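The structure follows.
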């Protein structure tokens, strides 16, 4: 399977007005989105996950500085001029499924008006009404549902509308930012299934979520898994292998905190991302897990990678 | 607004404004009709004064200026004191031996504009309506001397007076209304005549809406139909607005304060017309107050005031200094010797001799009393405000402090006996009696006699009273001249007020091929009913 | 909601009318002055008393208030002395012109506020945006009558482009062309005096809307900037704006009073000043009521419009 | 933050200059503005008369200062009066609570429903020419904003611990209001007062302009501007420009100070100047 979007060394800093301090939202994040596969990016809330999606689409506010590369084919999203982003990338090649679907829809306009408008702008020549109904069907909505206003849609239906909106431009890459937040369990599973179908349709999907439990429940939901902590990817690799044999203490602790893992809370608290010192962030929180090699280095082996594995651990 | 809000794109916004304009335009009531264009036989005037109710009983046309009504007599044009010429009367009535019974023979070829006939019953009805308490007519006081008025035969009316009154013909200028309209007694304010007048006059009110009145020539007027076919009078209260619109050529004429009118002097196609008047401005000096009642202060103030400067810079030269209420235009009734020289030093000497010692702040004091008094003026009249300020400034120069206070009519009235007031006068200037009697006679100092403006200073001078009564009752012209000269001599000897100036009423007229304008002596209250247009019925079109 | 608001308006209107009458009763104001005009000064005291008796102005103020209210309810609004015609006729003749002036001015101000507000919020930091706030604060600091005087002296006197007074050129027939030409300056001045407040509010609510999720989502979908601003940001920003316009009616009325006074526009607002200066009480009392009712109605309409426009709000009125 | 402090400093400096000009110039000139010289009426700006002369020949540089002094004085008195009135009504109605509170709030709505200038015109028309009437007409129509702010503040304060402690200690309701609530509310009231200043300057000058405020011979920004209307026609543009400049600068200065203070006290954002 070819890589749709190759992200390497993505670093995001926010300048804060006071005392020139900076928020280390993301540091040296690298991953590939391959067509037909879903990469699940998990981590506790506030670890900088959502910033990635906005960074890739260059939707961050003025005080953000983004470095690194994000190659969509030969186009580097982080360096491309604004009008290229606007005219060719957003919605057309890389689409975003926004976090809370309810607030992502303009409240005073019906879902159909917004869907048909997006089709009309992104797919000139297509029949807006027809394509909108087809998209609705694809995401499991009745055409009639589209004629409602956002506040008249249930959480699940709103979620599906925003997925339809993301698919309107037939994008190569779909970034889903916490698509299951706030939904009850059956709706979570159904949303993950929907994203699975999107990937099976040949698109590359990035699934940003904190709901590790859902991934365990539906192993088919994600092909690859990346674990993020304090703005850094601590472990990446095939989902099934990482979940079965996590290589990094943090992944183990995360799994341990789940009901299936015995509800052992992760000790300490996630660090503040403001003026985060370099070096291994997690082991500062877990000194008892034994000294790590301190290096902020990524060790790869095959298609798995971990950052700063504990000292003396097995070969990578 | 449609259910789903479509934001107003620029294109739609422009449409929105256009619609509002159109909607506005087509709601404009009144006939679209063809553009009136510059119709030659038509005059459009701008008046400063409110369109008053056109009802003689309510005081309209008391000095014969009405376009819609005719009086028994009317003013004859020409410089100086106008003569009275017969109008609805065959000739100017003469009194009988004791000047208490006046018989008026009426014309028999006159009809009202609504076709009804004109006769003695209309004259009697009008005067009785004025005197009838039920009409609550504001001018009832001016006709107090009329005991009775009754019709005699087909064409005569006899007035019976309470006392001999030589100047009675002046009272016959009053417009005559049809008896049918005055049949039911009731407040003049609510009479139909106010807005739908019926008169015998040269013009008929064709339309009155809001600020505009339109008069049309009365084709069968007994004195011949006027050549001016239509007169439009628009009420534009604000002096500046009138001047702007006159400058923009919107009007054929208007009345303006002297300085504003001056700006039209060198504008081609426009003429600035001044009409002499007996309209004076003066400062009353209440006898009751220790400062204004003191004869020395009164004489000093009369010398302190620089009347020439006021006429030159406030009136723009449009007027004459006034020393007594009798202007030069009154001919031999005027006493050229009765004057006050502008002499601040003499004023200061008078005050020093009278014991008014200048205090630390320059204001004089006598026995603990400061030489200070309040001068009231009507705020909306800029001319009175400027004269009041100039008077206060001149008085301060000789050590008398004058505190100005803008007071409105309701509050003005009760304070007249106490505080000085910047007053106007000369309501009926066509006989020395009507010009002087109410202003100076001490009968009005008694409670309940006449209004507050009758003898505002509450001045009592037996010699003046005697002279005024002699002037009123005597029929011998020489006796009257001697009497009124005595009044002026006494006025200068012991002035009850500081007379400032007689105003020249100023109008601006667009040259439009009309001839027949004549000067006339104008009363205190004026407007475009006076000015060059007072004898509009006699204008001739020379094209 | 609308019904309840209307019911609430009644006590307010009643309260205002009682307040006006009480204030008149306690003041040195003498209704005869209006009736007699200049002759008020020369009429003797006995004439005064007789007339007062005739007109009933010598009775206690609540008696007169009772009469006035009674007549009001039967539709007789009394006669205006400063215009020497029934109050109802004064209102009938002059109300259309005030509505025209205020309507055009408000429309102009709202449209300009929307255009400029959208432009400056959309092109944040552009020269328009940088100019808008200081200019608005400056114009807001200039009272309407000074703006009017400036307009008169520049456009009327100096340049002579536009007529500065009245409804039509004197003597000319009442025609759409005349009225439109005479409407330009007063409406422009009134619009300018209302514009800053509206413009700042539109810009502010638009800036807030542009930061909201649904706008960012729309932008993320690759929609054109124009669509994002006009179809997604503006509609939600417009909602609070509608109620603001409703809340702005009192200032609009005040602006109209001043503009009609300076441009001698024959509207009702000018009648307020005339009736006040000449203390023409029946007209003044009724105009105060009418204006209060208009303002209450205006803010009610604005709220109703808000409810109609915003599908989220289910109204009970 | 810097932007707001800049605005406050600029406002205060400008206000200080204006107040200085308004107080010092008339006093220093010493000329009594009752002295008129009609021969020197309506002269243009010249070294002798930097602002030219008015229709009575008086120096406009001095007369504008005197006008500014009167207008600012009237504004300050009105702002203080309406603030005190508003604070009292707001505090009492909040303290009283129950139907009294609701009644007062309906009254507030009522007063707000009527355009302030209209109520002002009615009051002043009936009591023509008296300065007390002018001040009353402004103060009586602008206390509602202050009342609403103060009431909200008092309501929120009432549940604070230190108030409960006082009540527990047996303090009466009114004692609590006076001792605890009013002092706490003072800063808000002060800010509201500064916000009222530009409003009051406008109100006075508008009334005078309409011929309903101060008498024409007394100098105030409104009377000067009203007089400018006639002088404009005679070419006297300076009679409009300088008084108008004084009025606009005064409004801007006070508005800047007011809004800066308001941001500091984090009051609800309200447009600064409404008639």
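Letters A, B, C and D name the chains as they come in the text, with residue numbers starting at 1 for each one.
In this section, a contact is a pair of C-beta atoms (placed from the backbone, for glycine too) under 8 Å apart; a residue touches a chain by one contact, two chains touch by 3 or more.
Remember, predicted model here, so these are calculated numbers, not experimental data.
Centrality by C-alpha centroid: the chain sitting nearest the overall protein C-alpha mean is C.
In this structure, the chain pairs A-C and B-C differ in their number of contacting C-beta pairs, and the larger number is found at B-C. Computed centre separation for the pair subunit A/subunit C is 55 angstrom, with centres defined by C-alpha atoms.
Remark: subunit A and subunit B have CA centroids separated by 91 Å (rounded to whole angstrom).
Rounded to whole angstrom units, the spacing between the C-alpha centres of subunit B and subunit C is 38. Across the assembly, subunit A contributes 108-109 as residues in contact with two or more other chains. For subunit B, the set of residues that touch two or more other chains comprises 5, 238, 244, 380, 408, 411. Multi-chain contact residues, meaning those touching two or more other chains, occur in subunit C at positions 28-29, 152, 157, 231, 235, 277, 279, 309, 311. Residue ranges of subunit D in contact with subunit C, taken from their complex: 106-107, 109-110, 112-119, 121-128, 198, 202, 205-206, 209-212, 225, 228-229, 232-233, 237, 240, 244, 247-248, 251-252, 255, 271-275. Subunit B contributes residues 1, 3, 5, 7-10, 13, 16-17, 20-36, 42, 44, 46, 50-53, 59, 133-134, 136, 138-141, 187, 189-190, 194-195, 209-211, 232, 234, 236-238, 241, 244-245, 248, 250-251, 380, 408-413, 427, 448-454, 525 to its touches with subunit C in the complex.
Interface residues of subunit C facing subunit D in the complex, by the touch rule stated above, are 8-9, 11-12, 15-16, 20, 23-24, 27-29, 137-138, 140-143, 145-146, 149-150, 152-153, 157, 197, 200-201, 249-251, 253-255, 257-258, 261-262, 272-273, 275-277, 279, 284, 288, 291-292, 295-296, 299. Across the interface of their complex, subunit B is touched by residues 32, 34-39, 41, 55-57, 128-129, 211, 215-218, 229-230, 232-234 of subunit D. The touching residues of subunit C, counted against subunit A in their complex, run 212-225, 227, 231-232, 235-236, 239, 309-312.
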